[in-house]
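Shared between the two complexes below is chain A, which pairs with chain B and chain C, respectively.
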Partner chain A sequence: MTLQLILIIIFGLGAIWFGWRVFMTSSMVRSALSLLASMAFLGFLFLALEAEFLGVLQIMMMATEMSIMAIFMMMYMMDPGGMSGMDMSHQKKPSIIAASVTGALVVLVILFTNWGSMAVTVPAAARQNHDLGIEVMKRSMMIFETAGVTILVAMIAAAATALVYKKDMI
Partner chain B sequence: MHDFWTWLLFIVIFFSGLYLLSVLEKWIYQDRLDWLGPLRKITFYLQQEDVKPGQRDKIFYENAPFLFMAAVLMGLSVLPFTENRVIVDMATGGLFINAALAYIMVAMLMAGWSANGVYALVGGWRFLAQLVAYSMPVVMTITATVMRAESISMFKIVESQEPLWNIIYQPVGFILFYLAAMALAFLPPFDLPVAKGELASGIWSEFTGSRMMVFRTARLMLILTLSMAVTTLFLGGWYGPFLPGFVWVLLKTMLVAASFFWVGKKMSRLHHDRMLAWSWKFATPAALINIFYVGVILLL
Partner chain C sequence: MELQITLIIGAILFGIGLYGALSQTNLVMIMMGVELMLGGCMLNLVAFWRYLHPETYSIQMFVLVVMTVMALEAAVGFAIATQRFRSKGSVESEEASDLKE
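This part shows the complex of A and B:
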């Protein structure tokens, strides 16, 4: 239990540290991969909380997602390597206010939410896989299907707008 | 956690596998059976001059080879080598191996970016596209084997193949996984990120000496991992007559690896855009059809 708590604290701090590094570097690839490290630490946090499937899924999905983000950040920035001393920050005062208000709101939500009773024993990892499957296929099916179809439509729309338009196509 | 025999067997399989792979690679690609080849290669890399590119991204440059090796080791650790021995027994083994192998792409991307060279950079982004395209058939074919076993545990997947190996039960899945595994290990004809002819060794063009040795060793480990994954998922793992289970695993793994090299030798390097298009247009739909096919068989 103590080891678990220590690991949770270490992984949590790791996630915060890399989340901070995202904004403290001028190199786009370093920034994207710092975010990846932060997300991977969140995955380790799941593992430390004995949620094996969710942890592994988080670690797997983020690797490709953040790497794809890295190439887009590199493509669209005028100084992707950060070697010319580019300053990425702007509108500092409004951002500080917005961040403080949002942070305070999150803390309030954490404090005043009824989290229910704490689970005494964690189900075995294989049982969790089963329960998650049932959850996704039953109660949460509509949500996942809606999200999936929305993403698919966005992908098709993006591919369609990227195609070269030719006059004799129609 | 593990007894002495588990570690001993793992070490035997790991090191003999690496050594045999290294010999096999040279034998098949260059027609030279050189039993001392691996030793010669190691001494070469250890005394090679350490040339580092100027203005490199130091953190990425130093860490990329080790991240590559660590990711491969994590993938290898969930594969069982006898009926009751594995380094890490995960209930989500089939998913975890994907998660681990996704980080070889992160390592290659880091290596490509950090070297501050055009060829390395192109190679790094090429591998990103290649892995994203080919991890789709990998995940989907693993899903079909998981469906048959009704579990993501690697042990259960092998046990489900006792009556009939998956290579016969779902041949389409086997072919897709086999080819996608070659693409993941960037073996010829999929060796575009480190292509010698057209990209001057790509990502590896800026690495020398001990770092290159780590990369080369980790690549051999990756081939070992993927051949062992083919064995576990499609060739019935430890099942086989007369010989003990771990011998069968090693034997099948070596045969799969040898066939990887042989197929690579017989084919010319693919065109990058065609290779990606084939994965998205043919391999991914075929993997979906495979899932449907296995589902129908299971329901019948």
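This part shows the complex of A and C:
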């Protein structure tokens, strides 16, 4: 077993464990922080897979996003501390069946696919960043620009959705 | 071997996220499930880049796009939750049956 494989397994188990804890705890803060930990382990996993820029980006973005999410959760939950032991789930059995069937099917596809030869080495981190920048500015520029416009649209849509509308406002 | 294990981790994360998105009643918890599913997808993309096409950077580009989608989903979702909480006083999907009419 190589060091990379060991790291992948450790970080992957961490991500899965905290992802599972998100829905198994009744305290909302714990749930948001578990999601933060799961996403951070995902970032470490990217680092272990030698995608350094993506790993650091993932950790930084998710840390901010999940902290904001924790605040929103406390604002909107009926029982944010989970002290009264409310059950916040419905249609449990169908969801467990749907999730495990989907997961099992995907695992079967993974195991019975011939993936061909594996790449042993990847370009160095600086080289990756350079080539990713070239890619973004050349061939995939349209997609990247579309992502930028989508961010703008989502910002306007979010602000417009959250506004208060009164009858005598207009 | 590494590729398969990484993909299986992604599949398990996707399954957990699907369970959460289907079973939770609170809008914010449903969004958490969707985030976990998108996380599994990103892991798949990174694994494909690392083990199959390390010279193809459009894969890394798509990881950036998925990350953007995660942030936007959170932003629009919180806006909907804010408006829903303002008008109805709760973000429970069980109490949103008025949307059916």
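Convention: the second predicted complex is superposed on the first by the 149 of 170 C-alpha atoms of A that agree within 3 Å, B and C clash if a C-alpha of one lies under 4 Å from a C-alpha of the other, contacts with A are read in each partner's own complex, and residues count from 1 in each chain.
Here is the rule we go by: a residue touches a chain if its C-beta (ideal position, glycine included) is under 8 Å from a C-beta of that chain, and two chains touch if they have at least 3 such contacts.
All values derive from a computational prediction rather than experimental measurement.
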Room on chain A for both chain B and chain C (clash or fit): fit
Query: Which of the two partners, first being chain B and second being chain C, lies in contact with A:L57: first, second, both, or neither?
result: both
Query: Which partner does A:L36 contact after superposing on A: first (chain B), second (chain C), both, neither?
result: first
- prompt: Which partner does A:A124 reach: the first (chain B), the second (chain C), both, or neither?
  reply: first
Field: chain B versus chain C as contact partner of A:V149, first or second or both or neither
entry: neither
- prompt: Is A:S89 touching the first partner chain B, the second partner chain C, both, or neither of them?
  reply: second
Field: Per-residue contact with chain A, leading partner among chain C and chain B
entry: C
Message: For A:L132 in the superposed arrangement: first (chain B), second (chain C), both or neither?
response: second
- prompt: Touching A:I6 in the superposition: chain B (first), chain C (second), both, neither?
  reply: neither
Message: What does the superposition give for the shortest Cα distance from chain B to chain C, in Å?
response: 13
Message: Going by the contact definition given at the top, which residues of chain A touch chain B in one complex and chain C in the other?
response: 53, 57, 68, 128
- prompt: For chain C, which residues count as touching chain A in their complex?
  reply: 1-9, 11-20, 22-29, 31-33, 35-36, 39, 42-43, 46-47, 49-55, 57-58, 60-61, 63-65, 67-68, 70-72, 74-76, 78-83, 85-86, 90-94
Message: Could you list, by residue number, the parts of chain B that touch chain A in their complex?
response: 55, 57, 59-60, 90-92, 95-96, 98-99, 102-103, 105-106, 109-110, 113, 125, 128, 131-132, 135, 151-153
Message: With touch defined as at the start, can you tell me which chain A residues reach chain B in the complex?
response: 27, 29-30, 33, 36, 52-53, 56-57, 59-60, 63-64, 67-68, 70-71, 83, 124-126, 128-129
Field: Residues on chain A engaged by chain C in the complex (per definition of touch)
entry: 2, 4-5, 8-9, 12, 15-16, 19-20, 22-23, 31-32, 35, 38-39, 42, 45-46, 49-51, 53-54, 57-58, 61, 65, 68-69, 72-73, 75-78, 88-92, 94-96, 98-100, 102-103, 106-107, 110-111, 115-116, 118-119, 121-123, 128, 131-132, 134-136, 139-140, 143-144, 147, 150-151, 154-155, 157-159, 161-162, 164
